[in-house]
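The same chain A turns up in both complexes below, where it pairs with chain B and then with chain C.
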Partner chain A sequence: MKLFSSRFKQVVAILRKDFLIGMRQRATFAAMMMFALTATASLSLSTGGAFVEPKFLAALLWVVIFFAASAGIAGTFDDEATAGTLPTLKLYADAQAILFGKMIYVFLSLVALTIFILPIFLILFDEPTENFLLLFTTIFLGLIGLAAAGTLTAALTTSATVKGGLFPILLFPVTLPIFLPAISLTEISFTSAAFDMSSLIMIAAFDSILITASSILYDYL
Partner chain B sequence: MITFDDVSLSFGRHELFKNISLELRGGKIIAVTGANGAGKSTFLKLAGKIIRPDSGEVKFPADKKIAVVAPEMKIYDNLTAIENLKFFAELRGKNLSAENILELGERVGLNLETFGNVRVENFSTGMRQRLKFAILLSVDADIWLLDEPTANLDDAGREKFFQAIQAAKFDKIILLATNDRAEVDICDEIIQLPF
Partner chain C sequence: MNKILILLTAAIIAAIIFLVPPIKGLGDLAKIIFFHVPTAWVSVIAFFASAFFAAKFLRTSNFSFDKLSERAARLGFIFVLLSTISGAIFSKLTWGAYWNWDPRQTTIFILILIYGAYLTLRAAVADEKVRAKVSAIYSLLSILTVPFLVFIIPRMYFSLHPSPVLNSSGRIEMDSIVLIVLIAAVVDATLIFIQLMRRDFK
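Here is the complex of A and B:
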């Protein structure tokens, strides 16, 4: 219990520190937001107001989230490694606290990204959403998986020399089992079609697997 | 006590340590000296289990906590001095009051009333070093690994550091990698590298 409490305090301290630095640097947030905005605007302009199939729109939304997230998550550990603070952090904090502090920070950054881009996306594509609850639940669960896989991948690629290109290549196959049901559920949320609960359960189950696997593997990095 | 049990470490073909067995006891300051490239910093990293030997084992009780002052151990430039102090203390389960913070600043000769809310990116190298000492003093570690700790300090800063380290040594294992005569003079024991 004491160990859990001490780790929890470390997670909170790391999360608070990352937010402080994130708010002061702003470059990472700005890169994520600008990528999402530019991609959404370009896609919207290219369709020229024509009708776009809900399935195609759902896929586009997740593509925008995935690549915008990639622009931000990749630096989760690399920024610290470049600044030389990662060895100090590893010395003073428990490895699991570092992982979960960073993972929660990434998740909250992705939530902020989605809050920013989702209304713009829906307005620009003039997409009437029929089931907001399903859309939000799908995005919430999808972002958890993306944050878990992204944080571990960011830790893995910290020492790589071509991390910019390597990060999305490694992240994509790991998150694919989340994206496929998430795209399908997002499409359903745009229409009034009935949905199968098993898809949501599948995303939640894969989230759990990713979080557990990240926790186990991080100790070996 | 830190125990080196038949420890060997090589970098490529260069064999830095071969079958080293020794015990480092607490209550004193141990200087680790030697020419450039003799392995002083590496010896400290081995002692703190920051790196692993190729063979053999370094042992110390699992509940012993380590603190390091070394050039490669950076602090956060985008945080203020007080935010850095509080952050590292929190990681070790300590909450620093405003009083604690000012006292730490005084012990290392850093005016935290004036500079406490200044971001570290605006600090000189010497001020950063003093802040690293304040962090070292705040985290309650049992093992201190100090790599050329006074290299960037002025005379007043060195004096403050020597006082702090002498006062703290009784319940700690302190390893100090240095070639500085004044630093060696405050040590109780010397390990000369290479072995």
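Here is the complex of A and C:
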């Protein structure tokens, strides 16, 4: 119990540290939000208010989320890597605490991203959403998996010499089992068609596999 | 071993050209299927081999396993490209289009993306030790998607792809000569892959 509570404290401390740094240098956060806004605006402008099919729109929403998230979370470990403080951090805290602290931070920033971009997206494309509960659940579950895979991928790419573009290339195939059902569920939430619970369960199952795998594999890094 | 493989490959090519009856209505080019199936098989085998050696490397920190993992991925990348191109040609002959995101085409395309991502990651990390670790971890992470994709994709897209030789109904719907040549070609391709893996490791 003591071990658990001290590890929990470490996770909270890492989360707090990342949050403070994120607030102090708002550049990463601002870049992620502006990326999402620019992408949404460019898509909406280029379709010029024409009717976009729900199926297509659901795919566009996830494309925006995926690439904005990539822009925002690729550098999750870069602060420590450039300052050379990651070894010190590993002395202070357990490796798993670092991973989970970062993962929760990434997840919360993705939630903030979605809270920002989703209303703008729905308003600009004039999409009357029928099933908000399904839409929120789908996005929530999708972001968990994106955060889990994204945090480990960010840890992998910190030592790479070529940064630009590498992160989304690595992340996309790994998160595809989330995107495919999430896109079809998002489409259903736009049209109020009957939906298949098993797709939601599938995303949740893959989320837990990604979290477990990240936790196991991070120890080898 | 090399000579035997060259002879076997030559014999199989001869059998495909002279022994196998032409496929009705598709012409001689349709015999590319004898190239497509073995290369697809090897590209999947190589994917699992690469992940297997990646796991071995993480457990032992023995760099020869990293070399093997990398080699399997490089070979797999070549095989998956050959398989995709030959499959697209066969698809044009039978379905009338090179590409239509059939489940099989989707999964093989994801395999290309994973191989490409893995090799890009290797190229992007300069430090040898870090590169070995990072790419082994990615290899194992990416293999997790396989069971999900195999399960999800066929539910989402309708498939026109012929069933595999060993299909769920347990029947083999092929002439025996076609089947024998096809199995020989798969065995031959697997042996070529193993031989290429063993090169320089004697």
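In the analysis below, the second predicted complex is superposed on the first by the 221 of 221 C-alpha atoms of A that agree within 3 Å, B and C clash if a C-alpha of one lies under 4 Å from a C-alpha of the other, contacts with A are read in each partner's own complex, and residues count from 1 in each chain.
The rule is short, and it goes like this: a residue touches a chain if its C-beta (ideal position, glycine included) is under 8 Å from a C-beta of that chain, and two chains touch if they have at least 3 such contacts.
As the structure is a prediction and not an experimental result, all values here were calculated from the model.
Annotation: superposed three-chain arrangement on chain A; chain B versus chain C shows no clash, the two fitting side by side. Look at A:K17: by the touch rule set out above, it reaches chain B but stays clear of chain C.
More chain A residues lie in contact with C than with the other chain of the pair chain B and chain C. Touch criterion not met for A:S208: it reaches neither chain B nor chain C. In the superposition on chain A, contact is made by A:I169 with chain C only, not with chain B.
Panel annotation: after superposition on the shared chain A, the angle at the CA centre of chain A between chain B and chain C (CA centres) reads 100 degrees, nearest 10.
By the touch criterion defined above, A:S42 reaches neither chain B nor chain C. Of the two partner chains placed by the overlay, neither chain B nor chain C lies in contact with A:T82. Chain B and chain C never share a C-alpha pair closer than 11 Å once the two structures are laid over each other.
Shared interface residues of chain A, touching chain B in one complex and chain C in the other, do not exist. On chain B, the positions that touch chain A within their shared complex are 48, 50, 66-68, 72-79, 83, 87-88, 90-93, 139.
Residues of chain C touching chain A in their complex: 58, 110, 113-114, 116-117, 120-121, 123-127, 130, 133-134, 136-138, 140-142, 144-145, 148-149, 151-153, 156.
Chain A makes touch with chain B in their complex at residues 6, 9-10, 13-14, 16-17, 20-21, 24-25, 83-85, 87-88, 91-93, 97. Of all the residues in chain A, the ones that touch chain C in their complex are 149, 152-153, 156-157, 159-162, 166, 169-170, 172-174, 176-177, 180-181, 184, 202, 206, 209-210, 213-214, 217, 220-221.
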